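Shared between the two complexes below is chain A, which has chain B as its partner in the first and chain C in the second.
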Partner chain A sequence: MPGYYDMDDILMEDEPISVVFQVGAHGCGLLDPGSETIDIEKGTKMDLPYWLAHQLHLRQAVSISVPASFSQKTRKEIQADAACVDLKGRCPYFYELGCKVAPLVGDKTIGSFLLYAFTDRYKEMLSKSHSASAVPRFSSRLTKEESQLFQAARSSMAAFKKWRTGGSRLEKASILGRKRKRTIPLGPSSP
Partner chain B sequence: MYGKRASQLLKDQACCENGQFTPFNSDLFDQVISECNEHSLQLQSLIRKIEEQNLDMQTTRNEDHFGAVIHHLSLVRNKRCLMAYMYNRAEIIQGLRWKVGPVLPQEMQEKLNYSEEEYFKNHSAAIEAYMSELDLDLTVDMVPPKDPYIRVRVLDDIGEVCLDDHSISLAKHSLHFLRRTDAEPFISQGLMEEFLE
Partner chain C sequence: MAGQSDPHLSVFTPPEVEFLAEDEKVEIIPKLSLGSLHMICGDFGPFRPNIASEVPLWLAVALKERGKCDIRAPDWMSVDKLMQILEAERESPREFQPLPFHYIEISKLLFKHAHDNIQDIYMVRSLIEDIRDVRFHKVESGLQTISGRTHAVKLKNLSAMEVNIVRPFMIRTLQAFYKHDSPHIIQQPEKSGSRRPQAPDRGPRPLQKKVTFPT
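Here is the complex of A and B:
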């Protein structure tokens, strides 16, 4: 269960979900930029962020449909070659959103679909994170969670290599950035 | 769209998450707060409307009720975003004392807002009080040492520094053989580097 202050959880809840209002609501016209009145009519279709859609769904005020990220089209693409699909473009919090949406829309196939997509992409990601030296092109297709895994694999590999060669163990605090670069390559000066 | 500004605030912070720090976005922060005030006013007026119609607050499920619910949820959402923004920054600021030291460089100082500066000072003072009680500098030896002395190269003109019982001139590009605990703060501030043959 993610914490109250978890940034990723908060940003994930911002993903849009298309809903249909089952009731009317007064004084909330700002939600829908196209609407002319400040009231929402029954039967209005709109995209709401997950945090609002979820809570309204619990109160039976809206009905939720399966987001486009989990449509049949995406599923076919994942089945063809999971590693090549740009999931970040579809939804940077693909897995997290999927887990949250699945019980709401009552679609039992989403769970196994997510698992299939993750395991298939994981293999590719792990092997590339160990071999490639530069950041490979495919990393722009990874979801937030995948790219965290990717970075973790890369940095542990780099730490392992450093340990084996015995590099410097004391370093400048990373938060200060790498701004201060040496301009001229220095020969070793005498102590 | 409700809650958009608040999540923008967090997105700015999250996109440079790899150990970097963004300036405090007081502009957007204040905008979110005024959005909250707006929600609060709307919420109150909708509740008043329900009360005027002599309906029971607990069981009424009309349009006004759902309007109020939406405003309430938006308020709670905005609050969570603001709290998370402050909390995550406070965590980074706490880490600064351990990684950078009691004095922040100018460019870092500018990124904090007033209350965060106070927070850093107070947190710093608390750690220092604890360390003087223990009579031990806890911020050094973060990596287990192999040798009490190390060779370092000075990367910037630091000038005359008093270490232990003697003073030493740390000129740029010079090499020194220092006690590890003395060198460590300079290395973490980026003024020295460990010199390896």
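Here is the complex of A and C:
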């Protein structure tokens, strides 16, 4: 599976999703920090990480509700102006989570909504990333995936500018940078 | 060593592109007499004073640094030709004018080492900068039209350094759009959210629009 070893995938699956239990769970009260009993009643609503929610959903033990990041409020905000919405604060893995949650929740509109948001923000990002000036405000609103895109363009532009102003072609290898400690033993060690 | 400087993006760094550009041939006018040079890539020479001969750029720069030759500026590097190209670039908003593939690197090396061999060097330099700016703006405005349906992006007559700058961004953009746009057309749940393109076992995708920059 290509996504198995991907670090971003693993981190993304840790995002909390709110679920409603369809069956009672014996001895799982530890999952909910606010519960008083050691069992979970049927119909309890709580937050679980995505990987757990997904597995339980496959066993039909929970039903998943739409996460807050895809609620009507967020949709309205994005429709107003996608580029200004702080997606990193809400959910740094906005797009991946949406892609994974959409089939579970059965909401077909999430996909097109994600596409719309991404297209809008991409246009904004295109102009800003190649300008090679410091724009920290904008970049702090991007999700993980978008900021990788942003950094890729930014670093290649910066490398070009540096080359153009005539940097030397030979660079000192980074491994020689710091002082290394002597590893030669100074004398026979005492037993 | 290309690509090893940044393993995630697998691009060339600008010095690496410059290194590759140095294989281009230029004309030199030797000042001294020199016998044939037998190199792995070929034989050059013999060199006689004031008789022009063609050598790779790296050899020309090496000889120039030792004061053994004068480099003759390539034909495309005259003020008139560059003015023509700049006008043509400004007039056609979707096409790129044919320019030598490594024009940025060659011009930079020649400015650095052979500034006394180029006429009107300041004019030439500013013209090349303008041409570069105009072309890059065209690339950017063309990139805005990429949508989820884009299957491939064709950029004709783009030079080596310009390609190198946009390569990581464009690859990631295309992958991101592929990921976001495909399952909703076929109305199937996406199996995994991997960023790499999926194996083509989803069935035929509907007819895609191919974005080409020159019409």
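One rule holds in what follows: the second predicted complex is superposed on the first by the 160 of 191 C-alpha atoms of A that agree within 3 Å, B and C clash if a C-alpha of one lies under 4 Å from a C-alpha of the other, contacts with A are read in each partner's own complex, and residues count from 1 in each chain.
Everything that follows uses one rule, which is that a contact is a pair of C-beta atoms (placed from the backbone, for glycine too) under 8 Å apart; a residue touches a chain by one contact, two chains touch by 3 or more.
Small disclaimer: the values here were computed from a predicted structure and weren't measured.
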item: Chain B versus chain C as contact partner of A:V105, first or second or both or neither; value: neither
item: Partner chain in contact with A:H26 - chain B first, chain C second, else both or neither; value: first
item: First (chain B), second (chain C), both or neither touched by A:F160; value: second
item: Which superposed partner A:D6 touches (first chain B, second chain C, both, neither); value: both
item: Partner chain in contact with A:A83 - chain B first, chain C second, else both or neither; value: neither
item: Contacts of A:S127 with chain B and chain C, given as first, second, both or neither; value: second
item: Shared contact residues on chain A - chain B and chain C; value: 6, 8, 167, 169
item: Complex contact set, residues of chain C against chain A; value: 6, 9, 11, 13-15, 18-19, 108, 112, 136, 140, 143-144, 147-148, 161, 164-169, 172-173, 176-177, 179-181, 183-184, 187, 189-190, 192-196
item: For the chain B and chain A complex, residues of the former touching the latter; value: 1-3, 7, 10-11, 13-14, 17, 19-21, 42, 45-46, 49, 61, 63-64, 66-67, 69-71, 73-74, 77, 80-81, 83-84, 87-88, 92, 95-96, 99-100, 105, 108, 143, 150-151, 155-156, 173-177, 183-184, 187-190, 193-194, 196
item: Parts of chain A lying in touch with chain C, wherever the complex brings them together; value: 1-3, 6, 8-9, 12, 95-96, 99-100, 102-103, 108, 111-112, 114-115, 118-119, 122-123, 126-127, 129-130, 145, 148-149, 152-153, 155-157, 159-160, 162-164, 166-167, 169
item: In the complex with chain B, residue positions of chain A that touch it; value: 4-8, 10-11, 14, 23-28, 30-31, 33, 39-40, 49, 51-52, 55-56, 59, 61, 167-177, 180, 182, 186, 188-191
